[in-house]
Amino acid sequence: MEYQTILDRIHAAVKPIIGTGKVASYIPELAKVSPDQFGIAIVDLEGKVYQAGAADTPFSIQSISKLFGLTLAFHLEGDSVWSRVGREPSGSPFNSLVQLEYERGKPRNPFINAGALVVTDMLLTHHAARGGAENALIRFIRKLGNKDDIGFDRAVAQSELRTAHRNTAMANFMKSFGNLNNDVEDVIEAYCRNCAIEMNCVDLARAVTFLANRGVVPWSGEKILDEGAAKRINALMLTCGTYDAAGDFAFRVGLPAKSGVGGGIVALIPGECGICVWSPALETSGNSYAGSIALEMLTSISGRSIF
Amino acid sequence: MEYQTILDRIHAAVKPIIGTGKVASYIPELAKVSPDQFGIAIVDLEGKVYQAGAADTPFSIQSISKLFGLTLAFHLEGDSVWSRVGREPSGSPFNSLVQLEYERGKPRNPFINAGALVVTDMLLTHHAARGGAENALIRFIRKLGNKDDIGFDRAVAQSELRTAHRNTAMANFMKSFGNLNNDVEDVIEAYCRNCAIEMNCVDLARAVTFLANRGVVPWSGEKILDEGAAKRINALMLTCGTYDAAGDFAFRVGLPAKSGVGGGIVALIPGECGICVWSPALETSGNSYAGSIALEMLTSISGRSIF
Amino acid sequence: MEYQTILDRIHAAVKPIIGTGKVASYIPELAKVSPDQFGIAIVDLEGKVYQAGAADTPFSIQSISKLFGLTLAFHLEGDSVWSRVGREPSGSPFNSLVQLEYERGKPRNPFINAGALVVTDMLLTHHAARGGAENALIRFIRKLGNKDDIGFDRAVAQSELRTAHRNTAMANFMKSFGNLNNDVEDVIEAYCRNCAIEMNCVDLARAVTFLANRGVVPWSGEKILDEGAAKRINALMLTCGTYDAAGDFAFRVGLPAKSGVGGGIVALIPGECGICVWSPALETSGNSYAGSIALEMLTSISGRSIF
Amino acid sequence: MEYQTILDRIHAAVKPIIGTGKVASYIPELAKVSPDQFGIAIVDLEGKVYQAGAADTPFSIQSISKLFGLTLAFHLEGDSVWSRVGREPSGSPFNSLVQLEYERGKPRNPFINAGALVVTDMLLTHHAARGGAENALIRFIRKLGNKDDIGFDRAVAQSELRTAHRNTAMANFMKSFGNLNNDVEDVIEAYCRNCAIEMNCVDLARAVTFLANRGVVPWSGEKILDEGAAKRINALMLTCGTYDAAGDFAFRVGLPAKSGVGGGIVALIPGECGICVWSPALETSGNSYAGSIALEMLTSISGRSIF
């Protein structure tokens, strides 16, 4: 079946459940987003775009930025990344400090908050000498997404900063274990700015196609990661990409994916396409409710899980 | 490259590291096994067998039996399995009771000991009325492996029983939460017997081919699970199949796999083949050291990870 | 003020709250006890008895037996007791396995279930060679309480045995760490029998007077423990004697005390008297609700806390 | 025996072990203190001073300030203190965040760091409207210690501030649960200043005499706390005053006490005297090694434990 047909079917099927769940409320600015929205897009390796619903509406990518942050750090630093952050599922909520204490400040993986803070710290250190730390991740995403006007929402970033007590706790905690080199304030600020990046479904689906293409950006031919590294990022998405529901997500959807509390989920089919779905109302683990179901339908209808 | 060529190359390459690690010692009978052994086998969907090293030497399948136990329970009971056991990675050692306490007696997944005890309990209940509980799992494996003389090692089973204090603790703990219906002794005995099943690499590679074939046993055409269910078991293997190193294993190997402390690891490439590698010396997480590296080489050389 | 006047006042004052709380229900036989009962007794160092309410009604002493068990073990084994059980408050519910796992099978103190199981194991080992293990603790309590017909309730012991899954879990768990020498079944059976011992308030108040008298039984002059050891048991009662509410209990009552889920609480004023209060309805931590308040009144009215 | 004779004996007896243990090193400024020092002082309720060793040498009181902070908060706010901080032993290291997460930001007691941060927050709020928050605790201690020139060491306070990542983590963590009202920076700064207060053994022994005197400062007759409240603070010291060794300390010493990583320990005998011992080298729980042993000798020789 054609991708477009599949997306249209999914869009029709999920309509009754759009809005089921809860919009993230711990960041006041995000709580203002209307839950009754849904968009989905696929970009294949020839760059062809398929879309349904509000696939052009920008939203806050939130934790999806952790995927791009890790990719950039891995691109810049290679395997030394893993000396400071693990690659195991955490089995705990995304903002838990318990495991961090038992494992002496080394976060379980780069997709929980603690891990992303360490990755942010690495990027700050890397760019400090070279200048331009501030927008390094955004410039990288613009390249991946082939779009120059990707930016972040200042009000959301400010809102996150004002409520960043838990993340600040984590960053200080890791600093007490010696696993954070920059000032806590700088790391938190960069982290909040990255979470507040705005993109739409089409942008995001396009921005992850390199992971479906052995690490090479399809339209430019630029090698972001070598083939092994790209596959490894995909494996990490599958095991750790959707908070404490990663096992359930792999079980139901069977595709590498990374979600954000803004309601977006990026996914990909190796060798075929990048995918992004968005709907702001979340299930209890923090993943988009309608978005998860849409992806489950996508693999059911297309028969295209990786398993 | 031909599978046989790949296996021969792997066999040659791993020779220097065979024996690195530690043979499981907490079960006295297992501690007697010589660490200097290695075997690997692939069985493709036409039933063609490729093998290298001691692929015909029988060994104790240990936790690999958890995969067959789950498959049988899922086959018999369908999704009701998930009301009593989760499908998330545990983020904790395979025999930890901590998470079990916080989650009130519901094990995280069927591949940690607590989860396998619950699955064993389900099978006991199922067969109680119908007779033949004792050998139900072995009969099922004989069918999957197309071999009539698969059995268990009585000395190993006895040895496990005598040192089963931790598993007995778990079973009693779950019973205190109402998540175990049969007598603890019966569950523990059946569990130990299943762990003591003996098979060789070729048998095991053949026995998992149905998971690479959408749930259908290739040579008999028997549908064990429907396509969706088979894919879900594969997803579970990827996220939870190799103890607390599942993330790392997915990262490095990128194939659904289930390991046992006897040193065996089964894996599969969807649409292509079943795989089994065996070498008794283990790394610290309880997976075969040489076996893990052999599988990592297999995906590197063949370019065949699922990502 | 005279003890008798104080007890009469307390009895009058607590009347409206007798029955507030919940009778322990996890042991079916205990759940049958009527909550509307209350008794209190004081025995001074001359043996004079003061009492109010149902101070002659026998009840199940439950965890108060842990105090006698520890005393006997300390009497027989001296400081070697502390190599197998700690003396720190646990900060966790009385039947938690979490801390036991982190601390590798050594219970925090002898007044939580795990610790009492270890003490029971010590006593079994001690008496095994000498015969009479079965009734050793009862004989010891008869001597302390100066009463020959103290025994245990067979129905309660059986009821506890049938629901002992959690304790059996703990015992097996400790055995897996090498901190239990006898068979789990034997330890659990002895433990349940000890919990099912029946005594009344007067008996219990009398049985603890030696702890108020520097380790010497007042009427017989028998030295059970030397002065330092008696004070140490008292300290342990204060810090660990009332489940996870020991801090609150010390804060409000300020006397060494040990409670049981049968609704009894023994306490003592060093140099003055033994005390026992009983009322079956419990607050959420497992201590008698009316009993705790009665003891709080006792120290308020008499001005006799140890602080 | 006379207090002076007892102190002289203790001083002679501990000489060989002075310096055993480790000076606190996580605060660089404290690490400079020489371990070979020891002082002890008793102040009775008539104000008579007994002392031995370096009892006039000032040292950093560190966590002993938590006792004064709690007393002041209890004095100012009464029982409402307990709505924001518990009074149970923690069963965990003094700077653990694990329990704080499970108990949703309410610290176990006011003598662990998290609890003292909450108390500091209360005091800041109380004094904010009234001015003089900065030196409120020091003014209070001057009154208790009857000495005008008690102050804090600016270098130590700065040193603590620079290494306060773990405390900052805790404060942010509690703020994320809504259990901190002031700015984290302000709370941490006040907390570090309080820890850096300098006093000697005589000052400290005198400053706690009110707790041995039913809440009344002996020489001025000022009632700091009513009798019940004073006894309750004493109970809290006994159950929670010496980090994760409170049970052991009660067991061995049997007196209400509060220790600090500067090597000081204050204690008291109700109705008799205030006590302070100091020796900078610590055992593994963070209490002065020689100081603990000196107090154990004090109760052994004098026969004066509260039990």
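Read from first to last, the chains carry the letters A, B, C and D; within each, the first residue is number 1.
Assume a residue touches a chain if its C-beta (ideal position, glycine included) is under 8 Å from a C-beta of that chain, and two chains touch if they have at least 3 such contacts.
All values derive from a computational prediction rather than experimental measurement.
**Student:** Considering only chains that satisfy the touch condition with chain A, which of them also satisfy it with chain B?
**Tutor:** Neighbours common to chain A and chain B are absent.
**Student:** Counting shared numbers against all numbers at the contact of chain B and chain C, is it over half, same, or under half, different?
**Tutor:** Same, since over half the interface numbering is common to both chains.
**Student:** Specify the chain most distant from chain D by Cα centroid.
**Tutor:** Of all chains, B has its centre farthest from that of chain D.
**Student:** If you average the Cα atoms of chain A and of chain C to get two centres, how far apart are those centres in Å?
**Tutor:** Computed value for the inter-centroid distance: 55 Å.
**Student:** On a C-alpha centroid basis, what's the spacing between chain A and chain D, in Å?
**Tutor:** 47
**Student:** So which bits of chain D are touching at least two other chains?
**Tutor:** none
**Student:** Chain contact graph: line, ring, star, complete or other?
**Tutor:** The chain contacts form a single closed ring, each chain touching exactly two others.
**Student:** Mind giving me all the chain pairs that touch?
**Tutor:** Applying the touch rule to all chain pairs gives A-B, A-D, B-C, C-D.
**Student:** Sort out for me which residues of chain B touch chain A in the complex.
**Tutor:** My answer: residues 86-92, 99, 108-109, 227-228, 230-232, 234-236, 238-240, 244-248, 250-252, 254, 256, 270, 300, 303, 305-307.
**Student:** Quick check: in the complex, which residue numbers of chain C touch chain B?
**Tutor:** My answer: residues 96-98, 101-102, 165-166, 168-173, 175-176, 184.
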